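Report on one structure; see the data block that follows.
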Amino acid sequence: MSEETLYWQALNKAMDTELEADESVFTLGEDVGLVGGSYRATQGLMAKYGEWRVRDTPISEGSFTGLGVGAALVGMRPVVEIMTVNFMLLALDSIINAAAKIPFMSGGQFRMPLVIRVPGGIAKQLGAQHSQRLEHTIMNVPGLRIAVPSTPQDAYWQLRQAIASDEPIILLEHELLYFSKGPLDILAEAPPMHRAANRRPGRDVTIISYSRHALLSAAAAEELAKDGIEAEVIDLRSLKPIDWDTCAASVEKTHHLLIVEEDCRFAGAGAEIAATLGERCFGALDAPATRLAGLDMSTPFNGTLEAASIPQVADIVAAARKLCRPAKTPVAAAAE
Amino acid sequence: MSEETLYWQALNKAMDTELEADESVFTLGEDVGLVGGSYRATQGLMAKYGEWRVRDTPISEGSFTGLGVGAALVGMRPVVEIMTVNFMLLALDSIINAAAKIPFMSGGQFRMPLVIRVPGGIAKQLGAQHSQRLEHTIMNVPGLRIAVPSTPQDAYWQLRQAIASDEPIILLEHELLYFSKGPLDILAEAPPMHRAANRRPGRDVTIISYSRHALLSAAAAEELAKDGIEAEVIDLRSLKPIDWDTCAASVEKTHHLLIVEEDCRFAGAGAEIAATLGERCFGALDAPATRLAGLDMSTPFNGTLEAASIPQVADIVAAARKLCRPAKTPVAAAAE
Amino acid sequence: MERDVLHRLLSDMLLSRAFEERAAEEYGKGNIVGFLHLYPGEEAVGAGVLNAAAPSDYVVSGYREHAHALMRGTPAREVMAELFGRADGVSGGMGGSMHIFDAERRFMGGYAIVGESYPIAIGIAYAIAMRRLPEAVICFFGDGAVNQGTFHESLNMAALWRLPVLFVCENNHYAIGTEIHRHSAVTEVYKRAAAYNIPAEKVDGMDVSRVYDATRRALDLIRRGGGPQFIECETYRFRGHSMADPGSYRPVAEVKAQMARDPITTAIGEAAIRLPTQAELAEAGADTIARLTARMVEAGHLAEVEMEGLRKAADAVVEDAVQFALHSAEPTMAAAWAHMTCNRRDEVLI
Amino acid sequence: MERDVLHRLLSDMLLSRAFEERAAEEYGKGNIVGFLHLYPGEEAVGAGVLNAAAPSDYVVSGYREHAHALMRGTPAREVMAELFGRADGVSGGMGGSMHIFDAERRFMGGYAIVGESYPIAIGIAYAIAMRRLPEAVICFFGDGAVNQGTFHESLNMAALWRLPVLFVCENNHYAIGTEIHRHSAVTEVYKRAAAYNIPAEKVDGMDVSRVYDATRRALDLIRRGGGPQFIECETYRFRGHSMADPGSYRPVAEVKAQMARDPITTAIGEAAIRLPTQAELAEAGADTIARLTARMVEAGHLAEVEMEGLRKAADAVVEDAVQFALHSAEPTMAAAWAHMTCNRRDEVLI
């Protein structure tokens, strides 16, 4: 049933399916129509559904995101694409002050079936202004939900779930994942949108991550296994809410927690994870909940420095090893 | 030497002193001139320094904040007042993408002596859109500094230090503090802007807080003392960077950490504090680092619910008591 | 103009005025807390525009919007209870005076962030256009709000896609304490719509029938597919920006002169047999309604019983609203959580 | 127009063209990574405007700005090294092609967030106005950038306070793949400046001498206290939006027709004894520079040696720049940290 599919194709298929099924679904954003989206997620859809349902917008992020809010208020199901997360800073008033608060402020009179799709993260030498990971900027806002699909299957599931939901949901898509491949089974039943996925069972250390770095963490776990360290890899899939039960269950089993994130360390997404699990699993932890994160630095353009500014697979391996066997020498460890 | 002064008067005096001393200092924002600022911080200054140096602006937060960035690039020392933190969402591109990144992106060619003053926090029934605490939204941004003065003396010191600094600095002022009184000694030597203050020594529990909630925490400590619990109260004064040494030293002494914040709990400022100190003081903590924070809810307009949505003195007392004496019954505790 | 319409307009204005003055009183007593932006002086704009709109049209407004909601038909009780922060308030006590929402009457919200209403208005209009309905969106905003970037962005999109929106600028010449000459390079607001090819006109916002007529014409054009329209209403607020503002940045002479142009005075004049003379108006001064009414009744322009009836009806509605609000319960925390998660359906989260 | 000026303009345009084509090549080889927005087709705008500016003026630009920096005088070596991300790049390898800064030449940055440059430009202008200096700020932006809210906000403030800014719109008719008719309700960009009472004019952006003249006039007005000025230059980019964009949303016929209007062709024409005829220009087609040069040399309009000299000089500068960049070291992490904290002075933080 499942087919190898590119991440962008999975999104494209999800959009297509929803546009087909429900007349109130429409999408808008810069170059989503004629060009088909910077990362192809809306390719071919304008030709199929017309320009009212697949709308190219002027460069006016604040207002076209707010347009989505207004349309959602009257029962449409808009999917706003903000070309990259870096431009979302221009749309935060519409997202935080309007979308997230209207249902509450109105005393529950209005639904807000708004979806905002945003490519982001560090790609390949796009410079400091185009390399942001702003998950943290929005995590603190009550009333929003945030999904962070790392696979084509999740991208497909979560986009469809987000469109079906009446809550305002932001999908953070990673720019380096659009051309990654993975199985997609469009008939498979989806887990709840916020459910974390256990990508690899293990007993020695829990690695919690999300988006692209969940894949890097899984790769690191394979390395660690060669070393005899069995890491359990949890891919959060959702940053708001976070599936604490799945996380805590793993930590209570492994007694070690490594949080891996691309976001800058200071007040990054990992801070909330470490704080909550540090409190909840206090008795179970044999070592402090540890964060491996991006440097607290604007992203350098130079490629070597750019790569060095965020955790790579080798860094994850090293951090996990250190966490599990802090006192042992490599020789002793190998002898185990 | 020290005089009882209102918080807004301390800010006003600091502005006046800096405007007087340095021609490159100027301030701008909505109604800072003729009206003298919503919270009076710039009262009387336009009459004294003229409209070019105390500039009333149109309602254009994105651009007048960016105007400050441009002026700072050529050696001016602008102090931008954003009327309340809620409108800062409209100015985040100028703050995050421009002010915070230009010195770095330019390879160190430019200074950024920009100060942004922002009243914020929950005041008195201003509704969900006017009750935000957005410290967390900006804490994750490399290149920014954030000061959170809780007393007139700190307001005076930190505003002057911010203006003197070449880094972009945001002063988060609390709306309920402008009419609070405290001693101000304009000749006293200032501690470094980012240094945390130990507001009350104690041995049983460390309470870390900032801004208005640092004052509430100090009040709670007095209550706790009646109970025989000696709380040490740390007022962070700076949210970026955070003075970890002062915090850690206290936790290593008390073995208990309570973080009190007005911000929503999920991914609030407290998350970073709990995460870093939970890791750094892992061995010293007898109980998990605990956060007492605002509810993850948009702020209700109704006054009773509004008050219930953030920690009050009694909540702090209860949380500290529970942290120090988890197993004891109230009777046993009283008998001590 | 039909006598019926004029009476409706006058009733609305009297209700709004009575409501606002009473709200100010209740604010003084501490029954209303927070920001409270009152509408006296500007009633002709709200009354004229909203009476010209159809029930199927949508309204989007700012933070000075509870008067708009009243004139749109939201029961005074529910508006007052919201100002009091009570459970029976139209927004359940969660919104407050700046966030009145009334789904039933398509009153799509008061927004307290200046400039936030434009995108929301064009979003609703986009939905209308997609569905090809004969509806329109009315978007209210002030002269100060025109300088927000969203004005520019949203008007461009409205024009580009010919969306059914009527933009109504309530130009009261001030953004809090900043007079229009000090905040806008072009002070004739309606001219700024030309940058988007949006037809625009300026009307005397102190004259309710002109506002009404202009709105009728504009909505008619919109419904015939003419795309967005723009009306600038020149008006004046008699009070400070909000209850916290004494308004001392305005010359006393200016305030007095404007008060003499009280729109309610003008409406009464039109509803009656002959218009009051300029001299009569000028003399009227601050307490226009009371003094002019007395003199007009004396002169037989308006039957005492009729005028008294309108006034009393308004007062009674407001008194009833206050009593209702006073006796309404405080909302519970459980209700607040229910509102937070009102869109979650049956999904169970963590 | 003086022959000297024309030669300078032509040299700049040839340098820019050679630099860009070589950059594209280096991109293909992997020496340049990331976004790379090239300038071919639009050289007349940058060359005309920047040659008319004084060294004491400031320049603020977008992400298609490395050509602007070149023509402003930043050594090609330092620009190329920045595109390569090397330590000797003008921004130390920290910025990249979209973030060229050159303090020495008052090149105040390339900004990659569309619309971000307006506020920065008016901020610099505000400082100039406060200091009463005879300087001006030149702010470049595209037709797509005009729809960002900051355009509206910043132009209003510039006009309100009569700030010394020259707004230069490089209208190449496209915002990536969205043609101007599909993104702007008013497509004659210069008309939008009227909403702020800013004097505006439209010039043929493929004709470098017109751009140069218009800029001279505008800067002159600004220096005489005339407040902000606005120039719209109609132009065209020959390539896709960036190296990642094949530009397939544009009709081939349109691209071909525009290439025939190659601004370098026009400049060569003016620098020489007689202008090429329309027919000659039309025939020139895609490979304008090569073909026209050959024919002009044949006709004796431009000395072969002279033209070859200019071209070779440009090529040599570019070749030297590439070699320089190739041999420049990678920046270190220590340097990156030093840039992050470059404003900290002696303060020791945690």
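Here the chain labels run A, B, C and D in written order, and each chain numbers its own residues starting at 1.
In this section, a residue touches a chain if its C-beta (ideal position, glycine included) is under 8 Å from a C-beta of that chain, and two chains touch if they have at least 3 such contacts.
A quick note: this is a predicted structure, and the numbers were derived from the prediction, not measured.
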Chain of greatest Cα-centre distance to chain B: D
Of B-C and A-C, pair with higher C-beta contact tally: A-C
Distance from chain D to chain B - Cα centre to Cα centre, in angstrom: 43
Chain A and chain B: spacing of chain centres that average the CA atoms, whole Å: 30
Distance between the centres, which are taken as Cα means, of chain C and chain B, whole angstrom: 37
In chain D, residues with contacts to at least two other chains: 91, 93-95, 99, 111, 113, 147-150, 153, 156, 160, 182-184, 336, 340
Residues of chain B whose C-beta touches two or more other chains: 57-58, 60, 62-63, 86, 89-90, 93, 97, 104-105, 127-129, 142-143, 297-298, 301
Complex contact set, residues of chain B against chain A: 62, 86, 89-90, 92-93, 96-97, 100-101, 104-105, 127-129, 132, 134, 136-137, 139-143, 240, 263-264, 266-276, 278-280, 282, 285, 287-291, 295-298, 301
Touching residues (chain side chain D, partner chain C) in the complex: 147-153, 155-156, 159-160, 182-186, 191-192, 194-198
Chain D residues within the chain B interface of the complex: 58, 60, 89-95, 99, 101-103, 108-109, 111, 113, 116, 118-130, 149-150, 153-154, 156-157, 160, 336, 338-340, 342-345, 347, 349-350
Residues of chain B touching chain D in the complex: 26, 52-53, 57-58, 60, 62-76, 78, 93-94, 97-98, 102-113, 142-143, 165-167, 192, 194, 241-245
Chain A to chain D touching residues, read off their complex: 30-31, 34-35, 56-60, 62-63, 86-87, 89-90, 124-130, 297-298, 300-305, 308-309
